[in-house]
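In what comes next, chain A is part of two complexes: it sits with chain B in the first one and with chain C in the second one.
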Partner chain A sequence: MSTIEKVPTPSPRKPWAATPIDRAKTAGILAAAIVVSVIVLALTPLSGKLAFAAVFFVAYLIIDFAVSFAKAGRAAAVDSVFRGLVTTAIAIAVMPIISILVTVWIRGHHGLHWTLFTMDMHSNSFTDPVGQGGLLHAIIGTFLLVIVAMIISVPIGILTALYLTEVRGRFTRPIEFLVQAMSGVPSIVAGLFIYAAILIPFTKTVNGIQGSLALAILMIPTVARTSQEVLKLIPEDLREAGVALGGTQWRSVALVVVPAARSGLITAMILGVARVAGETAPILLLTGGSGTKNFNVFSGSLGSLPNYVWQAFSAGTPESITRAWAGILVLLVIVVILFTAARILGNRKVGKK
Partner chain B sequence: MFNGFSTLKTQGMHFLTSSNWQAVVSDSGQIDPKASHFGIAAMLVGTMLVAVIAVVIGVPISVGAAIYLTFYAPEAIKKIMVSAIDLMAAFPSVLFGLWGFFVLEASGEYWAKLLSKYFSWIPFFKLPAPYVTRSPFIAGLVLAVMIIPIVTSISREIFSQTPLDRMQAAYALGGTRFAMLRAVAFPYARSGIVGGIMLGLGRAMGETVAVYTVLNIVYQVNWHILFSAGGNVASMILLKFGEASPYEIKALMAAGLVLFILTLIVNSLANLIVSRTGKSGR
Partner chain C sequence: MAIESEENQGDEMETTAAKNSLSDITAARLQKQPGNSALGVGLEARGVHAWFGEKHALANVSLDFWPGTVTALIGPSGCGKSTFIRTLNRMHEFIPTAAMAGEVLLNGEDIYAPGVDVTKIRLKVGMVFQKPNPFPSMTIAENVLAGLKLAQLKVENKDDLLEECLERAGLWSEVKDRLNTHGGALSGGQQQRLCIARALAVRPQVLLMDEPCSALDPGSTLRIEETISQLSSSVTIVIVTHNMQQAARVSDYTAFFLSDGGPGQMIEVGSTNEIFSRPKDERTENYVTGRFG
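What follows is the complex of A and B.
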């Protein structure tokens, strides 16, 4: 046995990667653009951060174009300007997210108190100082609404997805079309539909279950579409193996396909919940907004987080606005937690138990 | 929705073409269906106006962002940005409303004043009176922010399906990245992106709470996008609902029905176009 001689592996090279000269060039263009925009702002009546951003943007594109044109000609110059444009686009697209998160934290954290999670609003009004009263009733209400909506919509949504991917019956195309069309239904229309179909003829008053039904209408398409995407990813081998072992379609779906897609289906469920947790318009029409704790979805006005935020915002005093931001902060934290959970579950490989 | 039909019948085409909203109460305290007039023309025009502004502002940004994420972004940045944008799609609409009211309003006013100062010769940007707060322009800005996540993720989905062999062929012929995009990716993705834009339009037309908070709803057809008066069917329903009498509620149902049909048409077209993507192109 001869020992294998160790050949030093050549380090991987990336001829397309940016060289130090390229980086220096980019930095130089950026610096030049900043200088130009400062000068422009000083010489013209334009002022403010926005004007600076606009001038900087234009200056950067022009300088970039000139430099690339001088170095490599027109095609390269256009390419480099286009790169600048799309980079700006993503920066603008991400800016509102950062702005929203920062705003919610800055304006909302004054309103955070322990009483927020231990008290309700039955003996306080929105204009009271921030330390009094809380939104326990709203948190309970939102959870009840969402859980009931989930109980209604998750089975329907997942069964629809199973019909579309596994059964593939005669109505697959029309149902697929219907699900897609339903996912664009405006939330207020869903609210009005329940109002006309249930509140006017039967109950004639506000209660929680109507809100849940409206939320379910909005949730079913999300759950169905996401589940369908997940079920499409399940390898065909698994289904064939199930059938080859002598299982009926029902058994191979229930015992093989669904368990394999479990984490994906949970993701679909969570995404549906995240979609409806902050839904405001139908809630305003259907559930009422009581300030006391109500554990019964079938009777009585039910407070909820969106409704709390809405009422506090409408009250219009500084205290109530702070309350509204604090409510939004709580709601946002719930949505972010749900969303992150969906992401983590969704990133797991489909098909793993 | 059935309830809406009766109003549509009594009001006829007037419901779509007039912009009165008047519930006339007769002597017996009942609402007189003959004398009352309900029309949503102003609201329909306002809805389209605001939605179109949102699309005009939001779409270039979203498509640019999608191109960056698909063809330019380093893997790490791409992951973070994609989750951030997807997260934004899950933000509650009341949050966009509050943010628009307290944060965007200020800078929106600044832009609106600039636009009216330098572009008032374009009829759309003319200001009949110097009021620029709560205008359709600002509502359109808020909606633009709201549709960016949807349009971006659909466009990204479609761009990422661009056939690799065609892209490599474009590079092998010595094309720059922009040349590749123009010759391969754009023709391939064009119809899909049109579909994505229409989905965004559908969402912008049906948005309620966010528009309600930032728009000054006035029952008058207003084409001046910077002027503080506008309309939106969904927000009008919310505005009128609290104080509405049973007969008026029927009229609101009819408005909801019109909105529903409108969004249904737009969305169905959009889905048809998106599902056909990839069959066209070079």
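What follows is the complex of A and C.
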């Protein structure tokens, strides 16, 4: 006979969660702040949404501070105010992004039509009604430009990062400085460089590869810097373990360090793509904006989404502007698809830390 | 007998630590004759100094590692034990500011001689690190066999080698059903034994262990110690440890290191029994009895 009595398992609770009273208090503070803001706006010459937001923000912080102070003292009040500040900062940071996405959707979704993905613009003009012609040529062009730029810049960027973190040769410092400086190069400068170095003296015409080269110039510093940060995070222990097993430095880096950093290196690549996918200035200068499908990056004018958007806006009719917004929407969706694909690739088959 | 004559000469011998250590080892050799000639002549450090930049970290250590024995290096933090162990397989030079002096002889040949292939040295003198560090991108099986890939070695039957190494590291029965899963899912102790198996796969003559149990719980520590005992017949083991009971349990010889603010030095070496029961140097006695450190 068992002497141990069976104790029923208690149901899990969260004693630290906000109680209804806490929630009511938060709601009360919010309401009080709104009331104060309305009164202040009525009594003073201040007016408008922005003024309301500013007054509300200050009023909320003061009331929040006072309530916390009365309840739990100074430390808790300061804690509470900082929580308010941080929440506000996040709201301010996120609002423009959400606003952009919402605006693009509202203006662009009228222009979405299946012909966008099946037709190009060779027999249509931007002022034609939506539903005639499409941006297949621009999607193809953007993909080609970005992929060729990636093929050029990802190996160079990652090898540069390996030089900076693994080889640590004599030129580490100057190269690090150069990479940092280059990541601030305006895209038009990269475009003008290729324009002056290749288009004017040699090709004398627009084509895709010139655009890819300019994009690669912009991508390399981003890829190199991000890869460098990722490689720095790989514990020294792993490098030593690789070398201690009788590997040369090259084999240790290739078989241990780079695989361990794989998902981070893919993130570096994504950030590089993000830097250039919507770049417009160098593309306007270098690739032309053909309305016809072109699969050859080495010759002929190559249309692209940024160029399509620019041309559609320039046309200035309601139809063409709807087309432009739809183009932006498609570009955003493509960037999201690229990111998601890269994330999935990056996370696949990588072991836990 | 040898031990007693050694003790009679003790006073003279204390004049220089280096001389002392050599005689002690000689005495110890007479006491225990492993004589496994398949393991080669052994590893000998001769007047090893080490620097990090301007800092003189280790001074004049001479110490022999007899084949098929376990030698424990003990001493308080910052006394140069880890620095010393890293000079034995040329991992010391991995730190950019590092410098060294002296000789380390492996099978009678200086591993720091010009023209020596450092990767070959590290194949013969393997290393297990303080923190378990399995390669995160590899499965358990790939981890064990990683050395073959890194050093580009060819093996007849990889499956046999895999089983043998995991068996010797005492891990086979625990992982045999999940060889193709990632090493990260193992416990800390299992990860460390995986690292031991990985080090064994390239068939090293000497295995250096730099505080291999300091990040592990007592149960895993015990398991690693059993592994060390089982390995000691086939591999020469040098182990750095902060745990004196561990040194007493696993080692045949013990060397005591100490820094008096300057570079770390080896104060005394002898059979583990001797060091823990009747050390010659007062500082060793203070340390092993727990009066400081």
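Criterion: the second predicted complex is superposed on the first by the 253 of 353 C-alpha atoms of A that agree within 3 Å, B and C clash if a C-alpha of one lies under 4 Å from a C-alpha of the other, contacts with A are read in each partner's own complex, and residues count from 1 in each chain.
Basically, a residue touches a chain if its C-beta (ideal position, glycine included) is under 8 Å from a C-beta of that chain, and two chains touch if they have at least 3 such contacts.
Here the structure is a predicted model, which means the values were calculated and not measured.
Undergrad: Once the structures are superposed on A, label A:260 by its partner contacts, choosing first (chain B), second (chain C), both or neither.
TA: Touch status of A:260: second partner only.
Undergrad: Kindly classify A:122 by the partners it touches after superposition: chain B alone (first), chain C alone (second), both, or neither?
TA: After superposition on chain A, A:122 lies in contact with neither partner.
Undergrad: Which partner does A:110 contact after superposing on A: first (chain B), second (chain C), both, neither?
TA: Touch status of A:110: no partner.
Undergrad: Which partner does A:235 contact after superposing on A: first (chain B), second (chain C), both, neither?
TA: second
Undergrad: Just to be sure I read the superposition right, which of the two partners does A:251 touch: chain B = first, chain C = second, or both, or neither?
TA: Once the two structures are laid over each other on A, A:251 reaches chain C alone.
Undergrad: Looking at A:278 after the superposition, I want to know if it touches chain B, chain C, both of them or none. Which is it: first, second, both, neither?
TA: A:278 contacts chain B only, not chain C.
Undergrad: Output check: A:343 vs chain B and chain C. Expected answer is one of first, second, both, neither. What do you get?
TA: A:343 sits against chain B, while chain C stays out of touch.
Undergrad: Would you sort A:23 into first (chain B), second (chain C), both or neither based on which partner it touches?
TA: In the superposition, A:23 touches no partner, neither chain B nor chain C.
Undergrad: In the superposed arrangement, does chain B or chain C reach more residues of chain A?
TA: With both complexes superposed on chain A, more residues of chain A are touched by B.
Undergrad: Which residues would you name on chain A as touching chain B in one complex and chain C in the other?
TA: On chain A, the chain B and chain C contacts do not overlap at all.
Undergrad: Where on chain A is chain C touching in the complex?
TA: 168, 235, 237-248, 251-252, 255-256, 259-260, 262, 350-353
Undergrad: Can you list the residues on chain C that touch chain A in the complex?
TA: Those in contact with chain A are residues 89, 91, 94, 96, 119-120, 122-123, 126-127, 129, 131, 133, 135-139, 146-147, 149-152, 182-185, 195, 198-199, 202.
Undergrad: Chain B touches which residues of chain A in the complex?
TA: 48, 50, 75-76, 78-79, 82-83, 85-90, 92-94, 96-97, 99-100, 103-104, 107, 177, 180-181, 183-189, 192-193, 195-196, 200, 271, 274-275, 277-281, 284-285, 306, 309-310, 313, 324-325, 328, 331-332, 335-336, 338-339, 343
Undergrad: If we count contacts the way the header does, which residues on chain B are in touch with chain A in the complex?
TA: Those residues of chain B that touch chain A are 1-4, 60-65, 67-69, 72-73, 81, 83-88, 90-96, 98-99, 102-103, 107, 110-111, 145, 148, 152, 176-179, 181, 199, 202-203, 205-209, 213, 234, 237-238, 241, 249, 252-253, 256, 259-260, 263-264, 266-268, 270-271.
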